[in-house]
Each structure stands twice: as C-alpha cells, then as structure tokens.
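Contents: one structure, followed by commentary.
To keep things simple, chains are lettered A, B, C and D as they appear, and every chain counts its residues starting from 1.
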C-alpha cells in the first residue's frame, strides 16, 4: 500500500462548497502513479516502448465531502494483477482519520492502436514483487 | 431519456492521445443537468431552497476511446428515483454509433450541513412524471 | 470572427459560486479550434504532419462572473498571423449581451522536439484568407 | 516569496504530450493560497466573513513545456497590495532550474453580490507585513 498526501485546491471545489466528485479520479491517479513508481514501473518508460494503459472501468463511493484546504491522504493498493490488467483500490482519508471515499480502477494494456497487449515480463515482475509483498503484509 | 450533444475538446485529451477518463463524469453531469431541466427541476432552484444533491456513488465502463474533435452524444436515463436519492445511467455514443462508455451516478439529497433530507414533493413530482413516462416508453 | 455557444457546467463553478477563472481558457480553446476549423485547418491534420502549436502567451480580463447554467457566446477573432505565430482575441458574452471577459492567446508553431518551425503554405494560406476577409469586414 | 512544490500529474497533460496551458493557473492558485496562508490570511476565514476575492486579470508566458512527472516549484510573490486589490506574480521552475513559465494574477475584493469592498484591516495588516518584509529582502 502506498500513501500520497495532498491538500485540497480551491479549483477542486464547486458551488456546493465541496470538492467536485470528478476530482477524486485525479487523486486516484496520483496514488496509482506513485504505487507504480515505487515498483519502479514508470509510465514514461511504458509509453516509450509503445505500451499504453487505458482505464477500462472505475468506481467511487463518496462517504464524506472533502473541502477546500483539507489535508488528505490517498492510500492505494494493487488488488488484482495479471499481464493484461491491473486493478487498484483506493481510500481517501482526511488527516483527522475520517474516510472520505473509496474507489477502484482497472487498467488494461494496449498498443498505440488500442489493441490489447500483454505487459512485458520486465515490468510485470516488478509489479508482481510489490503485489506479493503487499498481500503478505495484510 | 435525454440526449445532449458535445464535441471533444483538446483540453480533455491526455498524452495517450485520447480523452482522460475523468472527463466522462463531466459529460454525465451535462446529461443529468439536461435531464432535470427537461423535468423542470433546476439545480439553481434546489440550491436556493437549501437543497443540495451530493454525488454518493459513481461508476464508468470505458469501451472505446473518445478522441479530440469527436462528436459525441450523451444519453441520460433516470433509472431509480425516490425522495432520498436518484440514480442516473448514461451512454456516451460517438456520432457514427460506436458506444464509447456506459456509466451510472447516484445523488442523495442533503441540507447545507450534509444531513440527509427528503426531496420536497414539488420537485419529486416533476421528476416522477418524467420517470414514469420514460419507463412506459421503454 | 467565429461565434461558439456553450452553457456553463456545474463542474466549472467553484465555492465562490461562480465559474473558476481557469475555465475561460478552455472556452477560448473551443473558440480557437472552431475558428481554425472554419478556415479548414484541423489540429489533427497539423499533428499528423508533426506540426505542434504550443501556447506561448495568454491573458484574460474578467468583467462579470459567469454562473452555472448561463448561456454564453465565445467570439473569436484572429488578430495577428504570421508563419511562426498566431494571436487570437476573445470575448465571452452572456446571452443577455453582458460582456463577461476578454482575452488573448498566442500560439507558436513547433516540431515534436519543441523547435520552432514555419507553418507550411497550405495551412498558412487558408488562415490568411479568413484573416484578410475578417479584417475587411471590420 | 513563497515556494510550493508539486509533481506534474498525468491528467494535466494533453495530446501534444505536455501540460495543457490552463493548468498553470491551477498552480498559480496553489502558490497564492500558500502565500496568504503564510501571512495567516485563510480564504475560508475571508469567506466566512462574506469577503470574496474574484480574479479580475491574469496572464501567463510559457517558456518551456512542463511534462508528466516533472518536479516543479511554484514561486509566488505579492507584488502589489492595496485594500481593494492584490497582484501576485509567479515563476514555475523545473527542479533542474529551467524556468517553465512566468505569470501574474490580480484579485479584487467583493461582497457576495459582487460589489467591491475594502479588505478589513485585520487581514490587510497581515498581508502588508509580509509584503513589506518581502520588499526589504529583495
């Protein structure tokens, strides 16, 4: 599990006075990128090899509204991994411990034409190593 | 069912060359607002009465990537309605008929303090009328 | 001059209850893309030839706040054109005629490495034709 | 001068492979909020007293493109201050020292109806103290 901290920006609020729900997917992405970076899988390296990673499925459950200037923690876990997809799950937690939202995203792997491809071993093995370590620590 | 047309903006793309997945929730919102407007339920009227409508749950399944300059149609259907929540479902369709994505969102109703409230009859009845008509036409 | 209509989205508002200032640059972009399309210069065609068009300078003056659900008109004019840059100016007008904002943007032309390049005649001539016609009609 | 660090997000890129120009205004806002927080002027306190701070003028000059995963520093300086407006200037610098962009923003102060108001002394004095200290340190 990888934790990323952020602070809610003014632009992320809407006229209801709370964070617009679409922004949570921006936060999930920050968490996902950080998780993969920790596994030494850089999106820029994937793209340089012509490997794309389109999002194919997302969901989010909102428990309590994030507000401007809140300090938040995004906890990201890799919950499913194969050579053709990865599923991440997320918790967004306010610094006082209140759970703001949970969510999940599924990425597939594809070439530049959108054709499904299998993640090369070099990257898969790195993710797999972190994935196994995470499961053991649970 | 209410249809809204839009054209994909450059800013909506990301470096994979397709629309970033978070933007579909902006499109769903356009569809939802248009649906409610057709039922003569204006968000500004709700807010003027202190009725908020926080999003509590969303999901999206991405089938085919939307690209810059694509003409798209957002089809919105009210699929569940009660005095405490409404669930909308969506289809995003490219003008050549290709289904790009499906999704759903659930709104609750709440007061300014986030406490759940029941939608007043005046608004509920208007949504209910459209909801019934839609079900009959299916 | 090219006019584009749009309706303010909920997501474009912030907790001050008005449109966040950064969104006007999204609207300017819609106007710019529409202007170029009318001149038969498609951004996708430019990119297919390896011609990029980075923004190098922007400004916006906000006169009156745009609000949720406002119907707006974005008026775009090409005010300077050469083979190495184009300057567009914009007016955002509410449907009742109130001027909401004015602004300008400057694009340069560059190759994929960011090196400045000159816009090929085939595209320049199309923009120049519209540019001349606009100046005469003023 | 107040420095804020951030890392470029995937969602901030566009199909030209670099950060979309509109995002710099989100970064400027982060810097502005941090500057005011350091002066102990919290936007939430202002809003609680019915003091709004609409943006009335912005500009940005883009020197070099920010890219995904870049570590950036946003340097914010308060360059003009009166009871009716504040002008901030910004530099966005990549961690290797390359200047990516400069910009400026002007805020006015207004009540909930958009009518201009004068910033109360309690807030003005705090900003003025930091403003003076900054000028002396230059």
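Just so it is clear, a contact is a pair of C-beta atoms (placed from the backbone, for glycine too) under 8 Å apart; a residue touches a chain by one contact, two chains touch by 3 or more.
Model, not experiment: these values are computed from the prediction.
Shared contact partners of subunit A and subunit D are B, C. Of the two interfaces, A-B and B-D, the higher number of touching C-beta pairs belongs to A-B. Rounded to a whole number, the gap between the C-alpha centres of subunit A and subunit B is 24 angstrom.
Averaged C-alpha coordinates give centres for subunit B and subunit D that are 33 Å from one another.
Multi-chain contact residues of subunit B (touching two or more other chains) are listed as 10-11, 15, 18, 22, 26, 29, 68.
Here subunit A touches subunit D in the complex through residues 9-11, 26, 29-30, 33, 42-44, 68-69, going by the rule given at the top. Subunit C contributes residues 10-11, 13-15, 17-18, 20, 22, 68 to its touches with subunit A in the complex. Within the complex, the subunit C residues that touch subunit D are 15-16, 18, 21-23, 25-26, 29, 47, 52-62, 64-65, 114.
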